[in-house]
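Dumping the structure here so I can ask a few things about it.
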Amino acid sequence: MATLRPLSDDEASPEARAVFDAIRTARGTDFVNAFWRTLAHDPPRLRAVWEQLSAVMAPGALDPLVKEMVYVAVSTANGCAYCVHSHTAAAKGKGMTEAQHAELLSVIGMAAQTNALVTALGVAPDPEFDAAR
Amino acid sequence: MATLRPLSDDEASPEARAVFDAIRTARGTDFVNAFWRTLAHDPPRLRAVWEQLSAVMAPGALDPLVKEMVYVAVSTANGCAYCVHSHTAAAKGKGMTEAQHAELLSVIGMAAQTNALVTALGVAPDPEFDAAR
Amino acid sequence: MATLRPLSDDEASPEARAVFDAIRTARGTDFVNAFWRTLAHDPPRLRAVWEQLSAVMAPGALDPLVKEMVYVAVSTANGCAYCVHSHTAAAKGKGMTEAQHAELLSVIGMAAQTNALVTALGVAPDPEFDAAR
Amino acid sequence: MATLRPLSDDEASPEARAVFDAIRTARGTDFVNAFWRTLAHDPPRLRAVWEQLSAVMAPGALDPLVKEMVYVAVSTANGCAYCVHSHTAAAKGKGMTEAQHAELLSVIGMAAQTNALVTALGVAPDPEFDAAR
Amino acid sequence: MATLRPLSDDEASPEARAVFDAIRTARGTDFVNAFWRTLAHDPPRLRAVWEQLSAVMAPGALDPLVKEMVYVAVSTANGCAYCVHSHTAAAKGKGMTEAQHAELLSVIGMAAQTNALVTALGVAPDPEFDAAR
Amino acid sequence: MATLRPLSDDEASPEARAVFDAIRTARGTDFVNAFWRTLAHDPPRLRAVWEQLSAVMAPGALDPLVKEMVYVAVSTANGCAYCVHSHTAAAKGKGMTEAQHAELLSVIGMAAQTNALVTALGVAPDPEFDAAR
């Protein structure tokens, strides 16, 4: 089920295939997942999203594994099953251990629970938390 | 605005005050934020949530600062302003630098963007991502 | 802060004021809350929403208090602070006790937690749960 | 599709199997659904989630059927298909009639609609709804 | 997987079949999708939802294609895969071009990204945006 | 309340002020809203977000007003009050009439309602909607 069909290498335009190649090189694998193959209908956007993602997820002040775990957390809260699966796989590829995965799940579940409690209680922000004062 | 009023130390029951004291000791500050003061209407639940949170957020396979950043990410995606503010403050308290905060924001924004694209495209999960096969 | 201004009785059209009066009669109070006063810019829609809400929330196979608690639960998960406050007040007006409120909060928090765990784990539905088979 | 594989009885550790048995006894059925089988990778967390859920969903100030319906409502708003299916099945198991299910759906749909209207209108909370004043 | 089974024409009551016929006439096709077939368990609600939808989506101050694109946007943010697919198909049926679809996706992705940034930053609304002042 | 403080013109770096000036020129107003002033702590990201937004929202296959209305729809479903207010103001600035605003609200509310119904019913996608087959 899709609103736009993923494109095979043969169906993709040369510009899109160049991005597929960049993905393969960056990841050291021949596998290009369906998200990129679907964006390939619009090669300039495919390139823009890939470049933005590469820059955001690169090593910096945060470790790439931490970034993948944050990505899994956001994807879970947004209910994006595809993203949960692809970024959990990426986190494992970057060394996430079973114990780290288990703790990540616990934090995600805890946050979801207290987010709901806070919203249902209507707790007003403590002024101590305001960085703008 | 609240659906239940935060309780001052004087209004809280001895059982609730004991949890306030545990929070003060654990955090090394006299400040007890409104979330806990609101849960104090139901002291056993106050204790249960505090103990569950303490266990989940303790150092383990993941660093406490990483856990706070994951908490901020989930709270953002769930739209809980109070939680975003309290856990961003907690992350700063655990040493999050401005550069780390900036990268955290970029990952959260990137994830939200691709979550939406994937959902709007209806991308079907690649079998390569399935840990159950 | 609003994208459309709530209307006072004097500013509302006769058609909108008639709905205000229906709200007052149904609730046995002179108070008309800001949601209805904002919808009053579009009197036919004001009437349609009020009539749909009245029909949905009327006693039927489910008790009106149960319906208000379900409303609070949905509003919490959707992050609508106004709705959480107005329907918690309505539930109290229909007899929700403090103990019932506390249990409602626990169920909402528990559901949010397991919703997140299930999504992060990508648990595939058991065929036993399928009403369509 | 899963990020972690559900475990069969034979694959689960003795500690996890003990929780499976507790689930079977509490529910009076041999069936243990995939959520628990997936949590079984981390037996202490499996036990903790099961015990927390059992306590929260037990009869108290609210009827267990009401709690299941609230669970369905939250799960719907959070977009957790697995949870919607498992808790709708649980609600039917606790006696939810077709008419009650139909009314539950109507309240959930109505709440979602007015949640969106309130957010799009930016309606400011009426002070009358503030339990903290 | 469903919590309620879609009904075939033969299984539907005469009142539900009359709505199926109205849908067929309005759309100029024999195809009636599963959403309506599932609502058919409750014929008065089936009729009410169909009539409300028809009125809302009819040509007015906004073009029906614009309305379908707004519907896709909301459905994406709410994570309703069924709705994303059915309303993307409807938008294509009303003339949405590939270029329009691509721009719609870009706006949805951009909005999701800045929504997350604003929430994570806790940006306070500028008074200039307040229609109620 | 904010996790990062908006910067005044005097506090912003020359690189950030250059983006403020670009915003002023593009919009034909001296007013720079708090979102941009908060992003100004990280001038390269400020520039990147502004340039991405400008490109996405520019006239193309879709009219800029349609894009603003889609933005309001996504922001509503994501519960971003700031974004709802800023993009409703932008839509009004691009000519959205009261009647168009009213219809936009109706579509958003209708979509939220049927999204919830579809999710609660677990309606399986009709193969007719699959663009990938």
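Quick notes
The letters A, B, C, D, E and F name the chains in turn, as written, and every chain counts its residues from 1.
The definition used in the following text is that contacts are C-beta pairs under 8 Å (C-beta built on N, C-alpha and C of every residue); 3 or more make two chains touch, one makes a residue touch a chain.
Just so we're on the same page, UniProt names per chain: A, B, C, D, E, F = Alkylhydroperoxidase AhpD family core domain protein.
Predicted, not measured: the structure shown is a model, and the values here were computed from it.
Where touching is counted per the definition, the chains common to chain E and chain F are A, B, C, D.
Touch-path distance (fewest steps) from chain B to chain F is 1. More inter-chain C-beta contacts link the pair A-C than the other of B-D and A-C. Each chain's centre was taken as the mean of its CA atoms, and the one lying most distant from chain C is A.
Set against the Cα centre of chain B, the chain with the most distant centre is E. For the pair chain C and chain D, the fraction of shared interface numbers is greater than half, so the two copies use mostly the same residues to meet.
Measuring from the averaged C-alpha position of chain C to that of chain E gives a distance of 21 Å. In terms of their C-alpha centroids, the spacing between chain D and chain E amounts to 26 Å. Mean C-alpha position of chain D lies 33 Å from that of chain F. Multi-chain contact residues of chain B (touching two or more other chains): 1-4, 6, 52, 74, 76-81, 84-85, 88-89, 102, 104-106, 108, 110-117, 119-122, 124-125, 129-132.
Those residues of chain B lying in contact with chain D across their complex are 1-6, 52, 125, 129-132.
In the complex of the two chains, the chain F residues touching chain D come out as 72, 76-77, 79, 81, 84-85, 88, 104-105, 108-117, 119-122. The touching residues of chain E, counted against chain A in their complex, run 79, 81, 84-85, 88-89, 98, 101-102, 105-106, 116, 122, 124.
The touching residues of chain F, when paired with chain E in their complex, are 1-4, 6, 31, 33-35, 38-39, 49, 52-53, 56-57, 60-62, 66-67, 69-71, 73-78, 80-83, 85-89, 97, 99-100, 102-104, 106-108, 110-126, 128-131.
Chain contact summary for the complex, chain B toward chain C: residues 1, 3-4, 41-42, 45, 74, 78-80, 131-132.
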